[in-house]
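Two complexes are shown next, each including chain A; its partner changes from chain B in the first to chain C in the second.
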Partner chain A sequence: MLRKLFESPVLRRILAAIGTLIGVAVLVFIMLRALPGDQIQAAYGTEAAALSPEQRTALEAYYGIDQPLFVQFFSWAGQLLTGNLGISTRGQETVANMTMQSLPVTFQLALLAIIIALVIGVGFGVLAAAAKGKFRDWLGQSISLLGLGVPTFLLGAAILTIAAQLLGFNPNGLPYAHPWENPLLNFNQMIIPAAVLGFSVAAPILRTTRASFLEVSELDFVRTARAKGISVKRVRWNHILRNASLPIVTMTGMQFGFLLGGAVVIEQIFSLPGLGRQVLLAINQKDFAVVQSTVLIIALLFVLVNLATDLLYRRIDPRVRAE
Partner chain B sequence: MKAKRQRRLPKLVAAIGVSALALTGCAEGVTTDEQTGGDGAAEQNLVIGVTTDINSLNPWTATQYQAVDVLTQMYGSLVEFDAELNPGPGLAESWEVSEDGLTVTFKLREGVTFSDGSEFDAEDVIASYETIQDPETAAVSAANLASIDAMEATDPHTLEMTLTQPDAALFSKLSSLGTAIMPSDVDLADVENNPVGTGGFTLQDRSPNQSVTLAANPDYWYGAPALETIEFRVIPDQSAVVSALQAGNVQMAVFDDATVASTVGGEITVEETARLDMHVLQLNSEREPMNDVNVRLAISCAIDREGVLESAAMGEGEVIGPITSPSFKSDPTDRPCPERDVEQAKQYLADAGYEDGLSLKMIAMQDGYSTAIAEAQTIQSQLAEAGIEVELEPLESGTYVDRWIATDFDMAVALNGASADPDATYGRYFTSTGNLNDVAAFSTDELDALFLEGRSESDPEARKEIYAEISGYLEDQAPWIWLFTGYNYTAMAPQVQGFEPLVSGSLLGLRDASIG
Partner chain C sequence: MTAAIITQAADAQKPKSRRFTKLMRNGAGAVGLCIVLLIVLLGVLSFFGLMPYDPLAQDASARMQAPSAAHWLGTDQFGRDQLSRVAAGIVNSLMVAVVATVISAVVGIGLGVLAGYLRGVFDVIVGAVSNVLFAFPSLLLALTLASVLARNWFTVSIAVAVVFVPIFIRVARGPVLALREVEYVNAAKATGMGPLAIVWRHILPNISNIVIVQLTLSLSWAVLTEASLSYLGLGTPPPAPSLGSMVLESQTLVTIAPWLLVGPGIALVLLIIGLNLLGDGLSDVLDVTREDR
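Moving on, here comes the complex of A and B:
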């Protein structure tokens, strides 16, 4: 009975996920402490050198870095288990509150980017595969090369500068607006960064689509479908694409999980207060609780996306379900 | 099943379309409001673009530039600087120093209130200074108050201060944000949420990583500011700040990078002000071979400061001697080699017994300020011509600061802060009891005596002579090589009026600014 339970793929996945999260927690904790400089140095800069020994002792107690490392780790981990993500040492804001503000930003950006990437990637991927070796194939391949080759920071900064200088259009210079506060402004602020991200993420999706599509279109059932008189278009989009979709779903899931980790560079350039910037700033200021808990949240999101991808497999492909 | 799904699809698309239309319709009005608010055409709302969020609202522990800029608007100190950085009245209207220089009597301004409504008096000053001196507070200005022995409120608006030794630099030190006055009953644990000060503005709103908004204090003793609000908006990327200026989203920004400032253009004006902080090459005089003054002088003579300024900062700045504050400024040609002199440098090296040259290591910060690496590389090639081989170690800022604090370097390219009074700038570095003396790695009895003399002298002219002497002594001993100071670039939209940037870099002038 117990053995059977352990053989259940769902439970195995959950156990693996928990193991991953624990590993991430330990790793982040150690890496943060291995970085040069501590909170005192981050807060005071070179003025830290001017602190008297008494002042330094007081600060170490304030930041809790006078405790042995394992005490620090378990007090953080213990709080996590009670649902307390900790408090930022600057601003006294709870990490939970900060994340409630920044996560929706990153989630929306990732979602928009992945939609754009899917439209470009799958669209051009199918067109390229259907016309292998012809102009459309060449066009698709060029788009994917551009997406891979042009760095997002360059494309993003260039678009931002040109739009602001020539058109006076710079919604990202205004304070960030949540979609429920001002949907139009939010859309204006999001669309360019999402397009830049989507364009770069489209490349791997396009390549995967093309390869998988070519592979499936050689199969017998395609010829059968054509022989039965189904139109080329219908065969292409309904029959081949559906059967070619597993690797595309995998690739999309991976890219989506990656985007949820926060697109730091794009968030910086376009002043979007997302998860990536939350982590970056916290690393710079050695705000340990914020980095640790936020990275853990990102890891959790990644695990969840992977899980969702697996479930989607089962829905798309009856063979996976049957296993 | 399939048929059903297909039928539903067009409806869904239609629904999305309609709701998008609806959103656009209702959002338009909001955007228009937003834009007039952002442009501030009719209203006195100033938006300043900054590249990073402030890290503290506590004036006593704040050192970050951005935090200092914001907190200067919210808090007040006993003393304020005039345009030449001479100490003048602030929360103290006037002061008198006794004959022996050991008693200072401050006459405090009456009718000043804190932002929580409570009255400002001498007890608040005493409580603030005592808290700053308490090591538990970990205040950066504790050392500035070291000469204070006792304080007494002879009446609510008169403060008598007894000093352990005369301190002519005291008034300059009491002007810093680090000695700002908070109410005597302040709860330090709550300052990050409820800052209480006497400044021209109060905290209205703070959203982490996005913005800090201040509202005018109508009861400000200086007179209510013309601006109703100031928003410090975080735009992390410097070129994005430029874009925001051009698009009119922000009306003001301060840059320290000439390259970025030069891209602004348009109708935005950019004003240059000399900065006090000094680009220097620190030598570790406690290590071989820099413990020999001839080696240090060789380095000093081998460096072409104009060349460093030219290549690292496009010539945007001034070559300096040790003291950069306007009233005490050193003559940059008053040094052993007024011009670069490679032959003289080789002579000094020979005198030190290194006629065949020597090799040294130099650290520089990669990511702290834009000019460091270029400075380091120019110095490296200049020293090579005099036979000094330099190995450059570019370091990430955290590692750099670690090494700097531990004085773990032969030479360090550094950007060191400076104050209006040379005693406040150098007393901590170059006197044997200074709290940064370990890092400066240099002190002598003569210097100790000179600094003591400078503190004890109350006549301003006589003080200038003493610091000129200190400046000459430092050049002759060359514990550091003084290179140049850069500029601040204050970019302002044409509608911003009345703001004067100060040499200290202070944004206190925002209390005189308005939008026209």
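Moving on, here comes the complex of A and C:
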């Protein structure tokens, strides 16, 4: 019974994800603690030079950095498991609280962006594949090339400055509005950044859709469906797309996970107080407790989204389920 | 047996010139190569100091000038020639991108090939390491690394390189798994060739196509990552011109001097699109499926 449970591919994937997360925690710890860079220097700046040796020792004990790295890691990991993500040395606020504020912002942005990306990516991907080698194919491919080639910061900066300075439209100049307090302003603040992100993420989705659609449309059942007299449109959207959807689901999941942490630049440009901005601000203020925990949270989200995508993939593909 | 290896080697040598012709006939590949060469040329001119102006030389009498015959892309708020700065920025971007790609390719391919060939514990460890690196959104990982390392162009390259290591591991490991079962590899094993010699003589030449495509694509991602880091203020420190930080600096002035955004922006987009097109062309010609991220 127990042995059978361990042979389940779902459980194995979950265990692998847990293993990866432990590795992630180790890597984050190594990056921020073991590499040169002094927490006391960071917290006290130039005043650190004026500290007497006794004060310095006391501070080292206070931050726990007089302990061996091994001990430091386990005390940090132990704290994490009890939900203590640390305290911002600048803001005097717990990282858990900060994250409760910033995570929904990033989540909303990523969700909007992925919807926009799916509409552009799947829509143009199918149109491109259905007219392979024709104008629509060329159009679709050009859109994906631009999505890959135009950096989000460039597109974001250009649109923001044009909208703000020429059209006088700058909702992001106002403080961030919560969706349930001022939904209209929130939508105005979110829609341009989401569109910019959606456009860049649409490119890989478009490519995947096109390739997968072309592969499926060669299959026998498509010809049979056409021979039965089903319209071209219906075959295209109902029959081919449904069977071509698996790689698209995987790619969308990957991109969604990427958006949760990859929105740093866009959040910065459009002043959205999300997770990415939290990391960047903490990096600039040398607030290592915040950087460490936030990076870990983002990686956790990324792993969870990928795990969910993988499990979803198993649910919708009978071939994988049967294995 | 030796004859078989010799034929194999001869096969690998023969079609190189034909491949180039094929690449030039492939629309995307030819356009991509031309764009990349054009931009590299601009970079080379700047590297050898052959641009008309010094990218750092300030000229108070020529501040914020629109593009003209003297300054093709105009000048910035310190009177520095924008075209020379863009060219110097290209050098910086390419230097970081090339070094980062080379480091990640050497490390990633090395680990991937050995993991695929040796299997066992080594494979499990390499797999775990690459899973951990894949668990970070790429820009975030580069950002965190760049923030803890002392900032200069080389550490930025290292930060970017770490992000791409797992991609090369994955690209190299897959085909090696299939190749290690191939007859001529078994034959080489039977003659007593060591694993490193087999990898060098028989495995690496066979994954060269996929590696070439991946190198091109990684270059484009590295340019993008470096530019994003510079834009966020974590790239190569000033005053060295970098395309990303030039975009950032131009933002406050863009309504009075839009050319400040246009120059570095277009250079960046052309470089990334050129490398992507070249990657597409190469993957068609070399018959490799490209891996998207």
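Couple of notes before you dig in:
The rule is short, and it goes like this: the second predicted complex is superposed on the first by the 284 of 323 C-alpha atoms of A that agree within 3 Å, B and C clash if a C-alpha of one lies under 4 Å from a C-alpha of the other, contacts with A are read in each partner's own complex, and residues count from 1 in each chain.
The rule we apply is simple: contacts are C-beta pairs under 8 Å (C-beta built on N, C-alpha and C of every residue); 3 or more make two chains touch, one makes a residue touch a chain.
Note that the coordinates shown come from a computational prediction; the quantities given were computed from them, not determined experimentally.
In the superposition on chain A, A:L21 makes contact with chain C only, while chain B stays out of contact range.
In the superposed pair of complexes, A:P204 makes contact with chain C only, with no contact to chain B.
Contact with chain B, but none with chain C, is seen for A:Q55 once the two complexes are overlaid on the shared chain. When the shared chain is aligned, chain B comes close enough to touch A:L185, but chain C does not. Looking at the shared chain after the overlay, A:G149 reaches chain C, while chain B stays out of its contact range. By the touch criterion defined above, A:Q268 reaches both chain B and chain C. By the document's definition of touching, both partners, chain B and chain C, reach A:T161.
When both complexes are overlaid on chain A, the residue A:G78 reaches neither chain B nor chain C.
In the superposition on chain A, the residues of chain A contacted by chain B and by chain C overlap at 35-37, 157, 161, 165, 268. On the chain A side of its complex with chain C, the touching residues are 16, 19-21, 23-24, 26-28, 31-32, 35-37, 145-146, 148-154, 157-158, 161, 165-166, 204, 207-208, 251, 257-258, 260-262, 264-265, 268, 276, 279-280, 283-284, 291, 295, 298-299, 302-303.
Touching chain B in their complex are the following residues of chain A: 35-37, 41-52, 54-59, 62, 88, 90-93, 98, 101-102, 157, 160-161, 163-165, 168-170, 172-176, 182-185, 268-271, 273, 277-278, 281, 285. Remark: chain C residues 128-129, 131-133, 135-140, 143-145, 147-150, 220, 224, 227-228, 231-234, 244, 247-248, 251, 254-255, 261, 265, 268-269, 272-273, 276-277, 292-293 touch chain A in the complex.
Of all residues in chain B, only 23-24, 27-28, 30-31, 34, 38, 49, 52-53, 55-56, 61, 63-64, 135-140, 142-143, 192-193, 206-211, 231, 233-237, 239-240, 242-244, 246-250, 396, 398-399, 401-402, 404-405, 416, 428, 435-436, 438-439 touch chain A in the complex they form.
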